[in-house]
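Before anything else, here is the set of structures, which you'll find just below.
Shared chain: subunit A. Partners: subunit B in the first complex, subunit C in the second.
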Partner chain A sequence: MNPLHIVVCGSVVPDPLQTIEPLAGLAGPALKNELLLPAIFDPWAAHALYEAAALAKQCTGSQVWLVSLGPKPKLQQVMMSLAQKGAFTPVFLYGPAHGFADSHATAAVLADAVAAIHGIDRSRLLLFGGWESASRGQGVTLQMIGERLGIFDQFQGVDRFTVRDDGSFEVWERIEGGKHLVSLCSGPPALFGWATGERGEPRNDPQMGMKNMRSVLPALQQAKPASLAADGLQYLDVRLPSQQRATRVVRDQSPEAIAEEIFAWLQDG
Partner chain B sequence: MATTETILFLAHPEPSGLLARASLEGLAVAQATAAALGVPLIAGLFGADVHIATSSIGACGAGRFLAVEAPDFAEPRYATDAAAAEALARAASATVVIAAHTSRLARVLAGVALRLNGRVDTHVNAVDYRSGLAVTRWFYRQRIEGSLRRTQRPWFLLVDPGTALAFSAAPATVELEPVAVSAPSTHTRVTGLHAPSPAEQTIRPEADLLLVAGAGWTRRQKDGQTHTEDAEQLILDFLRLRRASLGSTKSLTDMGGQGQPVLPFLSHLNQVGQTGSTPRHRKGLSTCCHGEEPHVVGWRFIRERRAVNLDPNCGWARGKADVLYVADAFEVMRHLNRLAAAKVEEAVP
Partner chain C sequence: MDIACVGFGPATAGFLTTISRGIAANPTLESKAAPGQPPQVLCYERADDVVFGVSGVVTRGRAIRATFPDFDPAQIPLAGPVTEEKLIYLLDPHGASRRSLPLRAADGLLRLLRAAVRMRHQAVELPWIPPFLRKEPGFVLSMGQFTQWAASQLLSEGNVQIWPASPVSEPLVDGARVTGIRLVDQGTDAEGRPDIGFTPGMDIRAALTVVGDGPVGAVGQHLDRLFGLPEGNARREWALGMKMVVDLPETTVLPPGAVFHTIGYPEPEIFGFLYVHPGRVASVGIFVPSWFDSPVRTVWRYLQHFIQHPYLWRFLKGGRLRSWGAKSLQESGRRGEPFLALDGCARIGEGSGTTNSLTGSGVDEAWCSGVLLGQAVLELWENGHPFNRVNLKNAYVARRRASWLDQELQAAERARDGFERGFLRGLAGMAAAGLTGGRLLLPFRRHPHRGPATLEEFCRRRLRSAHVEALRTNCRIRNVPLHDAVMRCSGWPDIACDGQLLVSLQDALLLGGKVQAPAGFRDHVRFRDAAICRACQDRVCVEMCSGQAIAPDEDGLPAFDREKCVHCGACVWNCTAIDEEGQSNLIFGAGAGGLHSAEN
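What follows is the complex of A and B.
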């Protein structure tokens, strides 16, 4: 099949094992000590990148770009490991990547960045990303980038993507009740918001990492600042949920007695 | 902010012809919002045939019932669904569009909002109308909760399932106003659904109970051996007897890709937490789970939580579960299944 131009959009999020706390900032809510929190690449976007790298290998001549908006130090930290997972050309924008930034403004700057990629052929474009981020979790940014770029074959919650001999794609999207919707798309341009996919995290490839980092570092230096205006969006309150429960710890009961207690609880109501 | 809102409830029928429960919950939110603000409510439905669905909500108090109806709009597909939703929002001159967060609507409404120069917020948990319209939603995968409002209109709100009581009333005949829209060209054709057979299906959103299986089920047990087949049987028996839904931790689903012993019926679709789902069931029973924050995230909306775990210092013991049983889950589940089987036998005449 014809070589593909695959653009993956994704950014950094705080490591989910870290405790996070919201903070009222001058420009709206933010995370306390955001720049000190260890970051990872957004998990679902990472799956999109792994799938893109594998697809590019499968279709000779294909290219992968990674378009990422975030704070420079965090992007640099995360790229050190991400660069070892697959070959890509980085395109960075310097700006906020926290969950309270407006998705509409984010989509606008990312769409402009994709459109400005030198040498990209929109007729061969596959736009990849996570179906939701682990920060804002709206699941709308990628969709709006697609609209702005005139891509009207869009799929969300993608778990499987198969290229057929005629160049068409079979796509499995997650829907309710543990099912998948199966569609056939005749070819690019198309947009895929990835869920987990079927591919595990690739092993680190230090050689690929070194190769990627040669373009990552200049791209970080050249990253343009992106201003995300939150016009019309007003946060009234941002808070941590109360989650403390008075847990009763049962230590010295037999499995039979525990099973009976659980059974009675399940029967109740 | 617009001083007068017009609220559009947007929905699509299921293959049965009726609206999904999530849509009926969305309708209840739209109804309550319109009533509280004293503004008109309009219902807009799209699909191949929306008559049965429209009649089923005929008593919802909507002033108009708009319909985009044609075979082209039967299948869930971005290009056609977006065109239908756009036409309905324009025909209603809606300033606020309220819909359920179904996979079908979540796929298109951000794009539609952009076409109409509006805004969209998804995973809405509550709509507050005490001083203007505001919504509550979660950030950072249910770890931070926030309330916000927007001045731009139209404002599309996708309401999470399980956050409101579903609209319920006897069917009523209504006059449908057809909205003309020609289906746009698309390169996408829906070819079908893929679902495990009912016997294999372990995800049951309507179930009262969520059983969460953790990686401990595949670890070495007291005798130094793994007992994955026993674990499989115990879990599947429990799901069958209790009609429960099954969730799993990331570590357990990831094992499949790492060549370790796995429970073969588990997939990433079962996964709850940061990179999984956040299901809403009334009760939750976790077994052999040792996760802390990412794990709790998956359980955010489970009202009554109990856990069976060998580790009394597990994250669950620190204010996350109502009861933590420090015990061997294999033994507890074996007894539990006996009790459940006896109950099932009792029920059979």
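What follows is the complex of A and C.
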């Protein structure tokens, strides 16, 4: 099997466990207390990174690059955890993580960053990322990066990826009803927007972390600000969806009784 | 590596800041572990992020300002200068708290003289704050935001590394020398047996291990078991601090930087606070001490009564819970100090006895201890001296003994002994010690070491023994903690939840706590002997658990649910089953996950 060049695109996003409140600022929509929020690596892209690391181990000589966009302090913090999860060479861009940046502009800067990676071989290129984002839920950024790079074999909602003996790929894409669409792809270049995949989060590997940090720190120093022009995009309103919370702690209730209660509640509503 | 640190709190942040600057200022410093490289300094933090600390922080910030002379709180979210400060005595509007006869007489007198003492909203603002309690000119902080800011400074300099989500299970010890640390096993079941993806915890060897893992940290506990405490020292005084971070109503009149210290309510032994951050946000919380001898000392329930005190509720009503958290405080201070220097190891921060219970201050003291160790380590490094016990004692412990930190801890050493004999005597003892810098100590005889009272003893003035037994039996049948039933029968009103600020503890876990419990790790709370737990009458571990993570199971035994644990560590010092070696029947080890709240 030929060594692969795998580029994972994944950004830093506010921890979805926090109270995230959009508000309209003078320079467009933003998040309330954005600086205060802890950040994580986008969970969908994280699956892509884990799959890339596993694939690189399987195909000897393969390399993994991580192209990531986010505020500098948050990138620094997130890398301290992520660096322990798999071997990669980082490429960083500074930019917002609030999720209101134009997907088109985001795709443009990320595509430029991928194209500028030194030594990348397009004939071996697999572009990985999340098919969704915890902050940019449009699910179109990765697709546009691929189009800008001229990669037209694109697969979204990928849960399984197998390299066959002849170098082609078998790809399982998630479709409705809990089923998968299985496709064959003749080989690179190709794009894969990962769903959750089939691997759990890798265990922390402190040695791997220390090794990765040798390239993370220089990459942070070399990173440039990403210019994300709004390009005519306007937000008329930003708000949280309304929600209700009514929590009770109940023990030993049967599933039927729970279903009846929910049904009754829905009818009341 | 050269230096391995355990825990990233204010002490380790102070240490790493000092070391990082030292490395930057002296390019000739060379790693002994990797010759030719700069010193290799790594810090392993248990929590998933450096921003997930908990503390109610209002501080004079002397040590922090000494490190950052141009410190500008405006650079840190939720930080700001103290603008006004009040010490408030809260009376009991319900008559439900357990007040002594002299205290009730004093309350009666205050009510009689309400106009003269300007009693309003069931409270009296004291006309004067003793200097030892005063925090002006200081600042209010969010612990999480402060450590995040400190970590950002460190990471941008690139001289040290901080690894979150990396719990350390124990120190590596060879004879009397600490040689490094062992990370926890990954890929185990809850019992610690190897499971899918098992990875044994890595051993990290280091010339110096810096232990700053707090009052209930696994490494600190392990060292204390191995080496004991210096002659005469003991860790008897604890407290559980619990706080809420609240969005104040839009109509609030509280200015940013307002600081209230409270005494007297919800029980006389429970001190409280309210600090106003910039942006119409307040931290409000209480400290329930170990010398409050209730065996049903639920902090959550008391906190809800506290915020509804008429003096505070007029500011908080209409507010919304943003965040919530809890932590243990090691209040023995200098009397609970461990061996600060060992061969290959030094202790800093709260686990090293830096918390000053007289001044009610701990973060700046912890930072100071880290800075002092950092200076000592740089001195030893530059002179090529090894990190052995004698050198660390001469360089670090000597610095500490000569510092304001140690002088103030000495003054505080016996200042609160009087509380074991009653609230008023406790206040008198504090005032005497605080106003004379520890020179005048009222002669209170301390109780021999004991846990909380039995429930019958605690309730004897309000409930007959038969009533207590009936409550106990009823709660055992229903497998619920006792505290709500006991408080209801003692006259405390029910909490009328509003879904915003007054919520159930389980809702607080969801709204303000966001506890994470990743799979693949051993439970960090375990019970040594089930028979001892079965025989335990009052199970204070269940009653005081901050997140209801320890609850009675169907057999009546306490059962641990990691998905609710906020790692406050209250269970370990509330276990009343202590063996001859001083070990409790409950093990509180190193664990992954915990609160994902960035504002505490």
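Quick note on the criterion: the second predicted complex is superposed on the first by the 244 of 269 C-alpha atoms of A that agree within 3 Å, B and C clash if a C-alpha of one lies under 4 Å from a C-alpha of the other, contacts with A are read in each partner's own complex, and residues count from 1 in each chain.
Everything below uses one rule, namely that a residue touches a chain if its C-beta (ideal position, glycine included) is under 8 Å from a C-beta of that chain, and two chains touch if they have at least 3 such contacts.
If you're wondering where the values come from, they're calculated on a predicted model, not measured in any experiment.
K.L.:
Touching A:R239, do we find subunit B (first), subunit C (second), both, or neither?
P.N.:
It touches subunit B, and subunit C stays clear.
K.L.:
State whether A:L217 touches subunit B only (first), subunit C only (second), both chains, or neither.
P.N.:
After superposing on A, A:L217 lies in contact with subunit C but is clear of subunit B.
K.L.:
Mind working out whether A:S135 is in touch with subunit B, subunit C, both or neither, as first, second, both or neither?
P.N.:
Touch partner of A:S135: subunit B, not subunit C.
K.L.:
Which of the two partners, first being subunit B and second being subunit C, lies in contact with A:G209: first, second, both, or neither?
P.N.:
Touch partner of A:G209: subunit C, not subunit B.
K.L.:
Does subunit C touch more residues of subunit A than subunit B does, or is it the other way round?
P.N.:
Ranking subunit B and subunit C by residues of subunit A touched puts B first.
K.L.:
With the two structures laid over each other on chain A, which partner does A:D15 touch: subunit B (first), subunit C (second), both, or neither?
P.N.:
In the superposition, A:D15 touches subunit C alone.
K.L.:
After lining up the shared chain so the two structures overlap, which partner does A:D112 touch, if you call subunit B first and subunit C second: first, second, both or neither?
P.N.:
A:D112 sits against neither subunit B nor subunit C.
K.L.:
Please indicate which partner A:G200 is in contact with in the superposed arrangement: first for subunit B, second for subunit C, both, or neither.
P.N.:
In the superposition, A:G200 touches subunit B and subunit C alike.
K.L.:
Determine where on subunit A the residues touched by subunit B overlap those touched by subunit C, and list them.
P.N.:
In subunit A, residues 17, 19, 200, 245, 247, 249, 251 are touched by subunit B and also by subunit C.
K.L.:
Using the touch definition from the top, list the residues of subunit C that touch subunit A in their complex.
P.N.:
42, 48-52, 77-78, 142, 145, 148, 151-152, 155-156, 158, 161-166, 183, 186-187, 196-197, 199, 202, 204, 279, 322, 479, 499, 504, 506-507, 510-511, 514, 516, 518, 520, 596-599
K.L.:
Touching residues of subunit A toward subunit C in the complex: what are they?
P.N.:
15, 17-19, 33, 35-38, 72-73, 76-77, 80-81, 84, 200-207, 209-210, 213, 217, 221, 245, 247, 249, 251
K.L.:
Under the touch definition given earlier, write down the residues of subunit A that touch subunit B in their complex.
P.N.:
13-14, 16-17, 19-20, 22, 29, 43-44, 99-100, 103-104, 107, 134-141, 143-144, 146-148, 152-157, 159, 170, 172-187, 190, 195-196, 200, 231-241, 243-251, 253, 255-256, 258-263, 265-267, 269
K.L.:
Over in the complex, which subunit B residues touch subunit A? Could you list them?
P.N.:
Against subunit A, subunit B makes touches at 20, 22, 76-79, 82, 102-104, 106-111, 113-115, 119-123, 134, 138-152, 184, 186-196, 201-205, 209, 242, 254, 257-258, 268-271, 274-275, 282-283, 285, 292-294, 296-297, 300, 304-306, 308, 312, 316-328, 331-336, 338-340, 343.
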